[in-house]
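Note that the chains take the letters A, B, C and D in the order they are written out, and that residue 1 is the start of every chain.
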Amino acid sequence: MAKVIKGGTVVTASDIYEADILIEGEKVVSIAENIDVPDAEIIDAKGCYVFPGGVDPHTHLDMPFGGTTTADDFETGTRAAAFGGTTTIVDFCLTQKGKPLKEAVSTWHKKAAGNAIIDYSFHLMISEMNDNVLNELPAVVQEEGITSLKLFMAYKNVFQVDDGTLFQTLTKAKELGALVQVHAENGDVIDFLTKKALQEGNTSPYYHAVTRPPEAEAEATGRAIAMAALADAPIYVVHVSCAAAANKIKEARALGFKVWGETCPQYLVLDVTALEKPEFEGAKYVWSPPLREKCNQEELWAALRNGSLQTVGSDQCSFNFEGQKDLGKDDFTKIPNGGPLIEDRFSILYSEGVHKGKIGLNTFVNAVSTNAAKLFGLFPKKGTIAVGSDADIVVFDPKAERTLSAATHHMNVDYNPFEGMKVTGEPVTVLSRGEVIVQDKQFRGQKGRGHYLKRQLFQQY
Amino acid sequence: MAKVIKGGTVVTASDIYEADILIEGEKVVSIAENIDVPDAEIIDAKGCYVFPGGVDPHTHLDMPFGGTTTADDFETGTRAAAFGGTTTIVDFCLTQKGKPLKEAVSTWHKKAAGNAIIDYSFHLMISEMNDNVLNELPAVVQEEGITSLKLFMAYKNVFQVDDGTLFQTLTKAKELGALVQVHAENGDVIDFLTKKALQEGNTSPYYHAVTRPPEAEAEATGRAIAMAALADAPIYVVHVSCAAAANKIKEARALGFKVWGETCPQYLVLDVTALEKPEFEGAKYVWSPPLREKCNQEELWAALRNGSLQTVGSDQCSFNFEGQKDLGKDDFTKIPNGGPLIEDRFSILYSEGVHKGKIGLNTFVNAVSTNAAKLFGLFPKKGTIAVGSDADIVVFDPKAERTLSAATHHMNVDYNPFEGMKVTGEPVTVLSRGEVIVQDKQFRGQKGRGHYLKRQLFQQY
Amino acid sequence: MAKVIKGGTVVTASDIYEADILIEGEKVVSIAENIDVPDAEIIDAKGCYVFPGGVDPHTHLDMPFGGTTTADDFETGTRAAAFGGTTTIVDFCLTQKGKPLKEAVSTWHKKAAGNAIIDYSFHLMISEMNDNVLNELPAVVQEEGITSLKLFMAYKNVFQVDDGTLFQTLTKAKELGALVQVHAENGDVIDFLTKKALQEGNTSPYYHAVTRPPEAEAEATGRAIAMAALADAPIYVVHVSCAAAANKIKEARALGFKVWGETCPQYLVLDVTALEKPEFEGAKYVWSPPLREKCNQEELWAALRNGSLQTVGSDQCSFNFEGQKDLGKDDFTKIPNGGPLIEDRFSILYSEGVHKGKIGLNTFVNAVSTNAAKLFGLFPKKGTIAVGSDADIVVFDPKAERTLSAATHHMNVDYNPFEGMKVTGEPVTVLSRGEVIVQDKQFRGQKGRGHYLKRQLFQQY
Amino acid sequence: MAKVIKGGTVVTASDIYEADILIEGEKVVSIAENIDVPDAEIIDAKGCYVFPGGVDPHTHLDMPFGGTTTADDFETGTRAAAFGGTTTIVDFCLTQKGKPLKEAVSTWHKKAAGNAIIDYSFHLMISEMNDNVLNELPAVVQEEGITSLKLFMAYKNVFQVDDGTLFQTLTKAKELGALVQVHAENGDVIDFLTKKALQEGNTSPYYHAVTRPPEAEAEATGRAIAMAALADAPIYVVHVSCAAAANKIKEARALGFKVWGETCPQYLVLDVTALEKPEFEGAKYVWSPPLREKCNQEELWAALRNGSLQTVGSDQCSFNFEGQKDLGKDDFTKIPNGGPLIEDRFSILYSEGVHKGKIGLNTFVNAVSTNAAKLFGLFPKKGTIAVGSDADIVVFDPKAERTLSAATHHMNVDYNPFEGMKVTGEPVTVLSRGEVIVQDKQFRGQKGRGHYLKRQLFQQY
């Protein structure tokens, strides 16, 4: 049965206009004034914005980390995403040294298939470079459609790669048409500062931030960019947390380098003082990179506004406060890193950004959806509202007010880092490939309906 | 009668997709797969791009300059624009010191009304600041919808304003919601160098460039931005010709300043050596700012690509080689400044930019149409293809090849600065407010059909 | 009779060593271990530093300003300078439009001759550029040895020159071998802000600072540098007050431009809050440029340390609080600008700089003496302690502590802006051309003993 | 017997004046006009400059490298240095992983003692960081007076340290008062490019340069500075070869960071095309970093001029063309890196710098002597001509002309990279601690007379 979204204001990365949207099957087939199709299901959008569904380029679902596993898996995570207005995710597929890439990809397919509620794809982690990896990569990129490769410059002796591995990956990725992503923090510096802090008896969550200074992030960001420039390969920096790192991207872009950057809602809204909360509550705010001094926030908003940063990812990586975060009660290095953001990313960016006048509507759509779709080979299937695109659509009431809370969120985790924060604006109806999956705060989709997305090679628009 | 543009690839500032477009009256009313409306006129767009009509933010039609008047008036200029794919212009309304602004506006209305073939609006030149001007400005901005004010930092003792006038205009414009534009060259420096050149007997066209060095443009650009920053007012720099000036804008934007910049096709494609052409032919290439060293071109393209510059204007200001340019035969300062670009701006940017791989399709649409519409209060009526927008549309054959020439162009001027240049891509059908005004290389509009556009106040998207 | 300065630690711009200094007549003739000359007068320097006498590149003595005249003339001013450790000044010779330069120079000679206690020279103000000035300049530079020309970019309708005058002066100065100096503030912006403040009834001293924002100084600094670069002429920026302006110099120097900058003790030590002092006391702190936010101080110290700024001038320009500063009681624009610093410049820089660890001893000597001597054509006659140089020497007790105060200072003015400030270090014996002019806090020189110094053309070391 | 250097022009880092110099024993005891001491040996300096002896902060004598040993040892190397005007060197003491530091120091003492002709000291290489090294370091710094520690960011799997080692060394060095030096090239990138070149059959000397791009040097330079800034420790970058790396230092200094940089004569004078010389002659020009594009030279001179770079070292590391360089005949990676510069550094810098007008005399003395002495704890014993300093003095004829050649040089190596280059200026008499060791092109010193110099802790002047 056809559906018509009626009476809303359609907002894309560039346009804002009033129109109805006709959906047949999984696609948008018409955008017009006053669409009147017999028997169509009418979705009322009066007074609402009609946004492309969110594309979250950065999630970790069902992921093992430091002896435990994230609280959210593909089912609970993508259901929460849907409630929040996100209809596509790209999750990180971890690999293990010495094991075939296809084994890792296969593992990730198993985690997602039959569970995911919205469409999904994978980035592939590169943990080493050798003949086996080089031989396997073409198939991963071309056949699996995994066209982005992630490396860690931090987590010494765990995920961290050396510069040779990074440089070789950049060279190979360029050849294959893939985009390299980096977690940019200088792991060696952090390793030294961490050992020093523990030696000196500084074990509380706050020292997580102290031992990962913004300079270590800025340095690694600059280094990754320098190597990308030398390899003439494009590069994408995940979770930029501070002005110093954002500036490295800004300056490189101004020089014409092919660099893009992502920030996350926590860096735009929270600051390092949260780690000092008593009763070990600071552990709820342990992300890597860590929260920064408040003064960084305005610079990150400005970077979104002037295009120095292009995307806002959730870096979803949830661990329960009880039973998981408390592994690090006596040693901050044992606190699982990360937090639950997959659901609230969309609304926080609207409320703190658009509603408070920090960014415009087009910039919001770019940051929450379109730019990620373009960078990661999903456009125009995902990331826009246009004839022929998947009908992944969010009807969003810009006036609704509510309070974020673990009591009401849909993520499978026992706290919300934004507990008590009031936001303006709420997704009222969410469609994925033409199907209403959330409406009137009720879940109407079903487990496992999400499709795996083979992605196109990297291109610039 | 309704019209359907069938089978083309619609390109906007953000999207690229295949769809048909239904036009009723002056507006786009539907964008859909396979539109089939009985009795509609079908416009075939198979194999073509369907672009929003070009918005040219910088023209001088029927303008007096140094004792002569531009070769093109509103009729010939806008007809040529239409042939080239441009469906909206914003022309500069000159004012005179000591005379009421409304007199100037009225004069400009008389030049355009009954003559213009496409829609048009005016920027208002500010030549002085005093109580009369301050009193008149609110009506000009709010009632006439002239929401942009232009000042000259060059042309000493003619148009040039001092910094006090510029600063006061910025302050007032901010209060009124208008956008200030500047011609940024240091007129004092140019005045000194010009007198020196003439004293030394250097009278040929090439000395036009020698006496207007890029440093003088970069300095003035930086100064204008500094004053805009101090006034917290937005500013738009017209016709940026060189890397040094583009860098000032780039750096200011990176700092979060509200600065935008325009370049022109001549700076992207031609270089200073053209001024050395024998037989006084160099005079055909006398623009202010002048053509620059070739090395600047790549940096200007990069600035368009990374968003440091947002628009490409024509700076249309045509003078015949015989009878006008030759006023400066013995003294380069007497050569009327400017050239004919209103027609070829669109195609040159496509051919040299998109076709040659320097910019993407979305960037092209932004630069040739959307960004100007947004900055100058015409969006979304102009500058996009969306439901509800004016049906100003260009069906563009990206494979057509042709040669630019005065023999075939439609401008009323006896030379073409791009004579003999081959371009790929051509507008095959051009619609203005739903009316086909150019088709099969024939003009189908009529004189005077263009409307005056009252523009909205400045806003950011 | 020969003199021997015994037992001190000689400090120059590069060296630090223990030695005795033998002076015969006006010159240093020997520097050696244990000089033992029969009948020589012994000046004990044990435990003291032996510095080159201070060279103050920026004074205004006996200068008319806004209907009044500075409180200190060449007698009182240079006596105070001597007490403070300064043995050479370069004073600003004001010119008047339409009057011959030689008349101005002659006037300044009359002010100084017979009065000055230490050696002196003049900078020449350029208030206009025309054939008369161009004709006179060679003689001024070559015969009078006035090898530096000062222009004002502020004080609209009074001293302010336009960019054409500045550019022409730079061009001419380069030809003649003179160094151009600029007071870099955008006078047009200040003029607008000043009128606005008065219109809004804001008449108190604090508004002097509000109406001269740092952006106006940074803009003018950048503009002056841009023009110097275009003219390929060296330039010297006087009284840099803020980080934004210092950064312009720093960046230009990094690009290899020939730019030098001076700051003053007030900008290093005082801040804008002083202008808010009650009872009109803020007027004592009215300098142009004004005092700035405290955060600028660290950046100015850093600029001295890393060589971005080279000199510290006093900008001596004293007016009595009663009878002069109070001309502006009801209108801050009528407060005579400037303050008394000629005496305390040397000690403040030592105490706040060297004693507090902000700069090293060599940097101190460079800033207080050597660099000014080099830049203004006085080296090595002045600005160092070396065989053959004038015996202008300060024996300085680095441990002496005292309190600055109008009650004890030797300037002819009724207040001291540093009243009550404790400083460490004091000149105990001061020699000028071999003559002891201050000793044991007593003046031993005589009025009129100072010589006029014809200066060499500009050169780089 | 006392010595008097008569009639010369003394030049120090800040001063230039005519005077005689009296030397008693090893020290300068008097500088004066017309010194007349009975029985003193007169050294005629008429028409000559009298410079402080050169301080070469970067030599490798008697050093094993890749299975061979440098052609020059402490005897031949320091004799050649003396002929060239250099009277102090600081040589690099190599360490081996797992072996005590004191063993390395002892080895180096054995190489030098009894052989060196001029005074010498050692930098200590840090090849690893662990408890043994941490325990040994205080004694090395404080007792041995080795107050500078060198690390390599290149030479993967040989000398290269990771960032953790570098950061820990910076932290420890700061605590101990030592200065860290880095060879800044990204060894990982070079390793990848090198393997790739060899795989592709590119084995000629030119590929040494191709595989060590300037970006790899700039990146490592920026990274080292970032870590020094984070550790708040001073850092010194050896052999800066290109503008990109010099800019990193320049920018960091402008931000107030404690960074210093050294370049070498080869980078100022030669360029990368030398590596293309036929008959394997390119191997004579294999330095790391490699020679660069010619355009870098002007920027390096500018950096010396504006103080962004402070010193010029020789990086003396000589290997015979026959029997050593030819180890790499079939594989550029086997060419021993380095060349003979210890002798000609002083004269090349004078001739190409001062004589050709690129730097002034004071800047020359700073770069060739004073700055190194200050940075490495040898000042004012070394690095200046002042009462109490060691009488390390070069009487230099600025008009002598000669041609550099292996046929006439005193280094023990079979080629000279500057073969045939004409230089203006020559050391005519060289004194070390008051002893004439070179005169009339004859060696007058003796083997083993050089003293080991314990150096002071790092301080800023």
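Everything below uses one rule, namely that a residue touches a chain if its C-beta (ideal position, glycine included) is under 8 Å from a C-beta of that chain, and two chains touch if they have at least 3 such contacts.
Because the structure is a prediction, the values reported are computed rather than measured.
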item: Shortest walk length in steps over touching chains, subunit A through to subunit C; value: 2
item: Farthest-lying chain, centroid of Cα atoms versus that of subunit B; value: D
item: Chain centre separation (subunit A, subunit B; CA means) in Å; value: 39
item: Subunit B-subunit C separation of Cα centroids, rounded to whole Å; value: 51
item: Centre-of-Cα separation between subunit D and subunit B, whole angstrom; value: 58
item: Per-residue multi-chain contacts in subunit B, two or more chains; value: none
item: Interchain pairs in contact, sorted by label; value: A-B, A-D, B-C, C-D
item: Touch list for subunit A against partner subunit D, complex; value: 156, 162-168, 171, 186, 188-189, 191-192, 213, 215-216, 218-219, 222-223, 226-227, 229-230
item: Parts of subunit C lying in touch with subunit D, wherever the complex brings them together; value: 10, 12-19, 22, 29-33, 35, 250-251, 253-254, 256, 299, 302, 305-308, 360-363, 366, 370, 380, 384, 386-389, 460-461
